[in-house]
Amino acid sequence: MSLGQALNAGLRQAMERDPKVVLMGEDIGKLGGVFRVTEGLQRDFGDRRVIDTPLAESGVVGTAVGLAMRGYRPVCEIQFDGFVYPAFDQIVSQVAKLRHRNEGRVAMPLTIRVPYGGGIGAVEHHSESPEVYFAHTAGLRVVTPSNAADGHRMIQQAVACDDPVVFFEPKRRYWERGEVDEGLATTVAPLHQARVVVEGTDATIAAYGPMVATALEAARIGLQEGTSIEVIDLRSLSPVDFETIEASVRKTGRLVVAHEASVFCGLGAEIAARVSEHCFYHLESPVRRVGGLATPYPPSRLERHYLPDADRMLHEVDRCLQA
Amino acid sequence: MSLGQALNAGLRQAMERDPKVVLMGEDIGKLGGVFRVTEGLQRDFGDRRVIDTPLAESGVVGTAVGLAMRGYRPVCEIQFDGFVYPAFDQIVSQVAKLRHRNEGRVAMPLTIRVPYGGGIGAVEHHSESPEVYFAHTAGLRVVTPSNAADGHRMIQQAVACDDPVVFFEPKRRYWERGEVDEGLATTVAPLHQARVVVEGTDATIAAYGPMVATALEAARIGLQEGTSIEVIDLRSLSPVDFETIEASVRKTGRLVVAHEASVFCGLGAEIAARVSEHCFYHLESPVRRVGGLATPYPPSRLERHYLPDADRMLHEVDRCLQA
Amino acid sequence: MAIAPARVPERGIPEWTGFDGLVQLISVDGQRTVGCPYWELVADVGADQLRDLYTDMVVVRRIDVESMALQRQGELALWAPLLGQEAAQVGSARALRPDDFVFPSYREHGVAYCRGVDPVDMLRLWRGSALSGWDPAVFGLATPAIIVGSQALHATGYALGIMLDGATSAAVAYFGDGASSEGDVAEAFGFAASFTVPVVFVCQNNQWAISEPVRLQSHGTIAQRGQGYGIPAIAVDGNDVLAVLAATRLALARASAGEGPTLIEAVTYRMGPHTTSDDPTRYRSRDEEEEWRVKDPLVRLRALLRAEGLADDGFEDSVTAAADEVAARLRRGCLALPDPPPDALFDHVYAGPHPLIEEERDAYAAYVSTFDS
Amino acid sequence: MAIAPARVPERGIPEWTGFDGLVQLISVDGQRTVGCPYWELVADVGADQLRDLYTDMVVVRRIDVESMALQRQGELALWAPLLGQEAAQVGSARALRPDDFVFPSYREHGVAYCRGVDPVDMLRLWRGSALSGWDPAVFGLATPAIIVGSQALHATGYALGIMLDGATSAAVAYFGDGASSEGDVAEAFGFAASFTVPVVFVCQNNQWAISEPVRLQSHGTIAQRGQGYGIPAIAVDGNDVLAVLAATRLALARASAGEGPTLIEAVTYRMGPHTTSDDPTRYRSRDEEEEWRVKDPLVRLRALLRAEGLADDGFEDSVTAAADEVAARLRRGCLALPDPPPDALFDHVYAGPHPLIEEERDAYAAYVSTFDS
């Protein structure tokens, strides 16, 4: 099944399991969301559990906060990455902080789903990668699956999580298919655990979301050219599973971090900073970052130049190897 | 004169120089702003140039965008750091991107002043350090003065700058006094130029805004204890003047980055990542970061434990020296 | 005071423009107004209840005065006084039922008092020893919202939950005239109207948002703003405790009957500074302050009680004594409020385990221990 | 069509509830309505002007049809059709004066056409070859807003600038029924009313926000929302080009006379999908679509022209030929639109020098050169 279908199935299971799970967002009902991730759910669970909201993102998240205080477990859909900013205040000042503010007396088990990233030829504001804004915000968990199996498991874990989770969905991978074990318990791995997708010995590429498939492609090409690349799928961006990354770097001695977001102050900065500190004596070459440029997202006819591809990843791996 | 007075004087000069400069914000008129930074300006320039706005931050910035398109040069005041988030969408999706979107045909010479940071015993939302959200956003310039002289010069440069500038004012330093040369041309140094405030040889502390004074205190104590610490005031957070930092690190071999914001994905991550990469063979020890915790800002009775002080900076310097 | 749950009058929200277009049951000089249809909503309020309302207002004002003093003496970091808004707060809060849930702003000490919160706990936030002071679930009262207007959406969402639960309670959002300009309040109006949820918006129009007069926010009335979203609105004399009580009861009855949101604009006055950091002499006139002093909500209710023979010197002395006792307890409690232990920094950031928090907790402990040795 | 600048009628905004509570000058079957006070605002619109309006609408629809086809053929990444909204757009845009400044949403191709934008330039954004298509200053027309509602604030700010300049032009914001729920639109209403600035809000209520019917956004009318903020509103039949023209002229006259903002709710219908990515069969009925097909704005104006002997087959053929010519040019122009050079990525991010941009520009060039060698 595709990632989109896996998320749909995961949401369905989450709703079946817990009657307090309520979905909210723009066009998620009859339309099933612009990416059809909620397809069929309003039909099957009714319009009191799958709620089309007025067109206002702060309103979506702000009312979800109130619902959570009433004991519900809301799952908000933000239609596209670029539309999450009107809800930023509610997310940063309320969702992230309410538990702490109330010394644990208020729970905020809210999931905010955000399709994100580029590569689909979209118009402006539909290809952004705003994840680091949320990763930097204490009180939130930020995760992103890269494939159908993870999507299916992680969305259920996110919904079941008693902390607020910003759940970034790599929209250009929605249609990519993979095996999904629908019977899988949601507790197989903690939500914040990274995964070594492919083992390697010469260098590590740490990627997440849409970039994992790209990193795997780089690893395949690398292998043909005689370079053994280990690929890590971070899966969680806050917290980051540094244990897995650092173990890999201690083995390979070289790290490239890849994401679509601008490199400057992106998540790669945190990973590079941390790994440079913790693996100071294991690094054979500086950690390198490959990612979006320090520019706004370009018109789609230029996006392939903006987005990291396997070549750019390999270019950075090469620079590590040459250092 | 104090930093607050220096900013006031700088704004006054900017308004005298260019009739298109208009100030907007909540309570900036008769009250002169809650920190009195605009004191007397409405009286002297009238309520068509110093405009009290309705209580709505997105409205303040969004109307400033329109004013800028009409040829004005608006200077918005956000009352406290924690109230900038309702304006986040307008800042990230409009202010930052309008010039690029319009291929240079639309100018966005907007300044957004934000008193920021902790240490004044305030209630929640009044002590935040949200600078990295803006630094990560392409299209913005982000600066912060640490003292009266810089405040006086930089606010004028920010207002004169044809790009949007998010201007963070270290609120707990508003009352600190320093020499200000009011006749100083605004072109003495580019707005993004960092400054070596104190020279040293054993380690470098890179700090900005409210942390510069703290870093200077650390350097003083360090000297007494026999450690020669170089202190850099970044002044600009986007772009960052890496030349100055890297030159210092090549000399001292050790770097500690300090800020009040949470360390995780904070600006220090970018600096550590970059310096670790560019000064890989000059670093005697890993770059270390000292900053706010990965928690929301605490109640004020705990803030001294949250905020880096000279001791914590020296602790990190020591760890560098011991590595 | 929620003893006689109101029924929604058949003809919906009664029109009444007796006093400056506002619903008023007690005139400025303490007379009962004649003919106002809102009287039927407080028909059960007899002598004892009137005296109780008066007592509440006196005690609440005393708490406010004491807190101002504590702040001036350096015991609180800040205080936002409610002086002048006692009727708006007590009148509305006393209409509430135990299972209603309130989302206040930072100035609703009177509401918190009526919900049963220990005044000492109110001070935790203002002293800086905590970010909150009580368990919201216990009192049906959220921690005060400092981000102006944000709580209107929370109340709307909570009310949606009430509706989904099939319950008959209501959510209540308190906010100010300034807040009515924030997009969040407008979105809350829109969501509440669209979903027809049981929420009551209580806007205390105290004429000022720090230094900004209400006419800067709105040329019309705030009640009209709600009406534009299809939310019935009641503009009420906010210094008249009975009128506010009546209006709130009506709004709650509408909510419980499934008729959706109501907006109450309680027109009142912030007699003190915005907070202890503020200096109102910079932006408003003594004349204006004097004009409103005449409308003081306590003076008015006392006049009524006196005129109707419901209060004598003995009663007033006992009320003062009760208020003094509360104030003394408040002062003692404030001074005794403990600072939280530094380690509390790391508590309750997340519900589940979080490696970075644990790492920082350990690092902090290790760092602190370097000083011990 | 801005030839006869309207004066503000002495009695303010005339009341008129002739047709579903909407201002209407041409009935659905192409008859002039009798007695509507808005007629005086278009008294100068004679045969030639009516034919021009019709021509505009036909051409605009043809541009829309051709763009849909180009998208289906893979030449555009996306297209947001205006089918059904030609009267609302042409009627309002033809009322504008050259020095007015418009802030459109993504669906205002008809407005852009009337402002003089080359239709080929409109396609740049939709083809993905640019984020904008024209110089806003040249046409008095901003780049379309994709963040729903954001432009309402920009228009308000621009209007504030007009006021500060002492000019008599106006800013005009176009947005949809869905957008009316966004906090930004509410804040724009508040600021515009508070500052009394010359802005016209044109809300095309086309009944749908993607899959959401307008009743989900608002139980009342959108016009009422504006009124709640103290902004006079005109609800107009948006499929009646003359009525929209009249209402817009009135609003502009009010703006120029210093009377501040006006909200126009043009009630119309999105006859096509939301965009080429959308599938309306999932959420709305054929019946509803049929109901509105009868009210097609072009059919109606043609009926009037025919009934009054202002159009014959020859005229219609010439209009069709003109539209086909525009479409052919559009197609040729679209196919010829060049991709921007990769290096353009770095242009215009900042006005002044920026070390990181320069560094990345150089690195990118160096990287590309590794492939050349």
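Letters A, B, C and D name the chains as they come in the text, with residue numbers starting at 1 for each one.
Just so we're on the same page, contacts are C-beta pairs under 8 Å (C-beta built on N, C-alpha and C of every residue); 3 or more make two chains touch, one makes a residue touch a chain.
Just so we're clear, the structure is a prediction, and the values are computed from it rather than from any experiment.
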item	value
Pair of chains joined by more contacts [C-beta pairs], A-D or B-D	B-D
Farthest chain (mean CA position) relative to chain B	D
Euclidean distance of C-alpha centroids - chain A vs chain C, Å	41
Computed distance of Cα centres, chain D from chain A, in Å	37
Interchain centroid distance [CA atoms averaged], chain C/chain D, Å	44
Interface hub residues of chain C, defined as touching at least two other chains	130-131, 147, 181-184, 187, 190, 194, 216-217, 349, 356
In chain A, residues with contacts to at least two other chains	53-54, 56, 58-59, 82, 85-86, 89, 93, 100-101, 124-125, 138-139, 238, 264, 293-296
Parts of chain C lying in touch with chain D, wherever the complex brings them together	181-184, 186-187, 190, 193-194, 196, 216-220, 224-230
Touching residues on chain A, where the partner in the complex is chain B	58, 82, 85-86, 88-89, 92-93, 96-97, 100-101, 124-125, 132-133, 135-136, 138-139, 238, 261-262, 264-270, 272-274, 276-278, 280, 285-289, 293-296, 323
Complex contact set, residues of chain C against chain A	101, 103, 130-132, 135-137, 142-143, 147, 150, 152-162, 164-165, 171, 183-184, 187-188, 190-191, 194, 347-356
Sites on chain B touched by chain D in the complex	22, 48, 53-54, 56, 58-59, 62-72, 74, 86, 89-90, 93-94, 99-107, 109, 138-139, 141, 161-163, 190, 192, 238-243
Touching residues (chain side chain B, partner chain C) in the complex	26-27, 29-32, 34, 52-56, 58-59, 82-83, 86, 121-126, 264, 293-296, 298-302, 305-306, 312, 315
